[in-house]
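Pasting the structures here.
One chain, chain A, links the two complexes that follow: it is found with chain B in the first and with chain C in the second.
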Partner chain A sequence: MVSRPAARFAHLAGLVLVFAFAMFPFYWMVSSSFKDQGDLLASPPMWLFEPTIKHYAEIWADQKVTAAIVNSLIVAVSTTALAVLLGTPAAYALARFEFRGKSDLWFWFISNRMISPIVLALPVYLLAQSLGLLDTHLVLILIYLTFNLPIVVWICTDQFRSIPPELEQAARLEGAKQFDVFWRIYLPLGLPGVAVSAIFSFIFSWNELLYALVLTRRNVQTAPVAATSFMSGYELPWGKIMATGTVIVLPVTIFALIVSRHMIRGLTMGATK
Partner chain B sequence: MSVEGQALAQEAARARPARRRRLEHGRWTPLFFLAPAVVTLLAIGLYPMLFALVTSFRRYNLTRAREGFPFVGFENYGRVLSDQTFWDTLLLTGRFFLTVMPIQVALGLLIALMLHRPGWGFMRSLARVSLVVPLATTYAVVGLLGNLIFNRNFGVANQFLSWFGFAPFDWLGNPSGAFAAIVIMDVWQWTPFCALIFLSGLSMVPIDIEEAARLETKSHWALLRHVQLPYLLPGLTAMLILRSADVLKLFDMIFTMTRGGPGTATELISIYIQRVGFRVFDLGAASAQAMLLLLFTILLSRLYIRIFYREIE
Partner chain C sequence: MSFLKLEQIVKRFGDATVIDHVDITAERGEFVVFVGPSGCGKSTLLRMVAGLEEVSEGAIYLDGANVTDTEPAARQVSMVFQSYALFPHMSVHDNISFGLRMAKTPREEIDRRVAEAARILQIESLLQRKPRQLSGGQRQRVAIGRAIVRNPKLFLFDEPLSNLDAELRSQMRVEIARLHRDLGVTMVYVTHDQVEAMTLADRIVVLRAGRVEQIGSPADLYERPDNIFVAGFIGSPKMNFLKVSVAAVNGGAVTVRHPALAADLTLPTRHAPRVEPGEDVVLGLRPEHLSVGDGGAACLALRGEFAESLGATSQLYAQTGNGETLILQVPGRRSLAPGEGIRAGFDPAQAYLFDGAGRAI
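Here is the complex of A and B:
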């Protein structure tokens, strides 16, 4: 049997190891983005080096990267706004009304979480092509709704259920219309849930690659596609790739830290809390 | 029952029928709130799927568009089902799942137990928060990062190997190395998912039961087996189903890291379908494959719903 101080120390060592394991690739990406190309290609790799912000200056000057980040922002913000706009009323109905087929509808929303993007990417490509929608923001904004809308509906339904129905009764007694009840009671009081679902929707859209790869060409390339496109040629611009990677990952990491308490709920559609 | 309690109960009894009347809604009200979301999801989700279903019954090769896209019945399905590569990629996808899942479950459980154990409060919160970072990292960037980490000449993975006295290894240049590399990156990204689910399971064990058990036994194993395990099982089921759906979806990280190569060593099902559809342009066959994939997914999600949302049904 291990003595208590030894066990305590092993616990600390384990925790430090967990932290190092989780953070290492992230650390490696960020530190590589500050390395000179010569230092990047050093073998064995260098842990101490003279940092340079050259690669950030490079991507700042590179219109392809800045345009891609703007595209990603446009797509992620619009699809999130649409998902909230369309999803919150549906969540209200699912939270408060009784009607036939309710559970089927609910399950249909949820099962969208499981569908592989490749299943939709093929037909959407053909449809977008025939409608002239390839390489537009619109097609990405719409297709991202297939996974954002369910997440907004799920999290907001859960949130709206926790609002006391007495408030609705009181408002209805005073003659409030159904829509006013939703707009003035449920939306403001459920704001935390709405915000969490919006952040998730933003993260998922920002991180998406497959649809963006298939459905866009030059004009609306998103940030992950742009970063991927540097992976060709003989000598890869590692510093630039890692700097772009850092710029892509940093904002979503901050968002994820904000919703870290809800991370698992968001990823499991609430099956575990 | 106290007087107060009786009064409350009476009030509640009076309030109940009234409440039902007041919350009544018009027959079409739910429709009004639901229609926007439902119509949108039908248009962008279901309609393309039906389109894919139709395409899967046609000869639909974009490189031979001049021949038109005639209906050919089950020809595509026949071709796909007798296509050895399709079965190989499915098998590889299964092998990938069976490799990453046990590692993620074991490591995840270990991490959760460490995070649950009292002591070292600050370091524990730091470690818990750091778990969110892999989960949020853009999947495509994980693949790019994997390319750098596992580089044959200047990758840090080979440096780690050299510390333990192993010779440098051309990870991405040979089939088993590339497979190991995508396994390691997936384990990095998704072990936190398992750890956090297990952690929430552990924190549901009523504190007095856990403390009583700790007084009874000094064995961590007995505590885990008899007290904590029942609270961990639902989470385990959830992660098994969700992770298998995720592995069927897995595309971004592998595409940016190995493009399915070398050869077809890391060509999981989504990568293969993407290649048939968008590099060979045989959309008929790719659609048939996608439909088969969809079938698996529907079975998985029915299973998930059956297990986890019983109370709503």
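Here is the complex of A and C:
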């Protein structure tokens, strides 16, 4: 039997360890973005240094980076909006209606997440090419939708199932049409699940690199592509890459913080009931 | 034609028949209670009236129209659910006005009717609260408010009081009775609690295993049960049953014999007797119709077990020589020593006989 203070210390030490492990790359990225190229490459690493904002000034001046962030915003916001718009009614149907092949359909939704994305990269490229969709926002939105819809459907189906069926029955007796039931009962009560799936969808679309790299050229480069595009030629401008990385992470972090209250509620829902 | 008519209703879930050819009618303004043990199909029957369950066979008529296949919303019925089913994200006002808003009622009209319902149910001060900020009794009122505000043709209650504590339950029972009197509407009420059934109903439908056992006024069921199930279900404490043998059948009277009976007992029959001498039948005696001593035309010799005092009355548990336990409900406090010999007197006019199949003789 471990005494209580010792157990608490072990608990705390474990937390600090996990926190440090998770946060270190983030710290390294942000701190590097404020270092000179010389300080960056110093060995052993420099923990104390003279901060500089010149990398930020550089990327801010770089049309490519700002355009890439705008592209990323267009793609991520559209994908998330569409995934929620299409996914929540599907989830409602899966949660509440009985129809033939329902469980197969549900499984089929998630099965496309089982395929490694790289396997599909070439077929998708050829398809996009023949449809003339290469280097457009639309092709990224469509391909991200195929990855995000299953997540939205799965999370929201589970969320909607936890809503007592009597609420729907009561609403229907009160004269609510099918759409009213969905719109006025399921959507507001399922908001935590909707928020969680929206965050997942947004983060995925914002950070995705592989398809963005394969399917875009110059016009629709997204932020992660822009960041990696600096790694070309004979130099590696680490400071600029790190500054771009920091700028890329910022919107997702802000978005997640805003909705985190819903997210936590959503993830713990069902656990305490 | 009756205001509400259920005609040969059958409900099957897969191979299981949960409602088996049920016929029930209710007149306009009547308070009908479906009562029965868990799993008897009473809630399923109510949900079929509401339109929440499909009818496998048979027809439902409401106010002259066949509504068997009508959408729930178009039936103009309101339902109070056991779980209240309040919308947790809406205020009390929005919960109550939900149906009116769905019907695109003008705003002033909604406010007027919500205020009226809130006044009737004394929840005016709660209109801006969310359901989670209400007590069980208040939630119950809101659920009833949501039902009455639309002036439906028919009110359905699905065990509405079962989540409340005993005191609140009796209080709400009185309020529902008052509501029925004041609004003069037709109500169908489902409960497993025979006290609620007896106190609220104009007419009780006793159900068991998907079949109607008996339909009648509370007094009918209490005084003239059709069978042993109804006799045992209605009344508290439960009716005592003794296995007796038929000594003689004489026109409209049956004479029965039991070792604990001081003498053979001759009872008039309600129906033409379908029993033969020597056959075993069941004698039913309500606890409140038994008294201690020889007061009464008939008398049982019993051995005491123990007594429960309820204050105004006492319940005495005593056994016959065969080991059958009987309950006597007697006024005042009375103790009973184990093994103490007591005599239980009763009036044969208040005794019941049931044949081997459980039907009243």
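Following the convention adopted for this analysis, the second predicted complex is superposed on the first by the 233 of 273 C-alpha atoms of A that agree within 3 Å, B and C clash if a C-alpha of one lies under 4 Å from a C-alpha of the other, contacts with A are read in each partner's own complex, and residues count from 1 in each chain.
As a convention for this text, a residue touches a chain if its C-beta (ideal position, glycine included) is under 8 Å from a C-beta of that chain, and two chains touch if they have at least 3 such contacts.
Since this is a predicted model, take the numbers as computed values, not measurements.
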Next on the checklist: Applying the document's definition of touch, where does A:T253 land relative to chain B and chain C: first, second, both, or neither?
Outcome noted: first
Checklist outcome for this item: Max touched-residue count on chain A (chain B vs chain C) belongs to chain B
Checklist entry - Does chain B (first) or chain C (second) touch A:L167, or do both, or does neither? => result second
Next on the checklist: Per the contact definition in the header, classify A:I185: touching chain B only (first), chain C only (second), both, or neither.
Outcome noted: second
Next on the checklist: Contacts for A:G175 in the overlay, against chain B (first) and chain C (second): which applies, first, second, both or neither?
Outcome noted: second
Checklist entry - In the superposed arrangement, does A:F21 touch chain B (first), chain C (second), both or neither? => result first
Checklist entry - Overlap of the chain B and chain C footprints on chain A, residue-wise? => result 169, 172-173
Checklist entry - In their shared complex, at which residues does chain A touch chain C? => result 164, 166-167, 169-177, 180, 184-185, 188-189
Item to check | Complex contacts: residues of chain C adjacent to chain A | outcome: 50-52, 71-73, 77-79, 81, 83, 85, 87-89, 98-99, 102-103, 146, 150
Next on the checklist: Looking at the complex, which residues from chain A come into contact with chain B?
Outcome noted: 1, 8, 11-12, 14-16, 18-19, 21-23, 25-26, 28-29, 32, 40-45, 85-87, 89-90, 92-94, 96-97, 99, 103, 105-127, 142-143, 145-146, 149-150, 153, 165, 168-169, 172-173, 178, 182, 203, 206-210, 213-214, 224-225, 227-228, 231, 236, 238, 241-242, 245, 248-249, 252-253, 255-257, 260, 263-264, 267-268, 271-273
Checklist entry - Which of the residues in chain B end up touching chain A in this complex? => result 19, 22-23, 25-26, 29-30, 32-34, 36-38, 40-41, 44-45, 48-49, 51-52, 55, 110-111, 114-115, 117, 119-120, 123-124, 126-127, 129-142, 144-145, 147-149, 153-156, 158-159, 162, 185, 188, 192-193, 196-197, 200-201, 218, 234-235, 238-239, 242, 245, 248-249, 251-252, 255-256, 270, 273-274, 277-278, 283, 286-287, 290-291, 293-294, 297-298, 300-302, 304-305, 308-309, 312-313
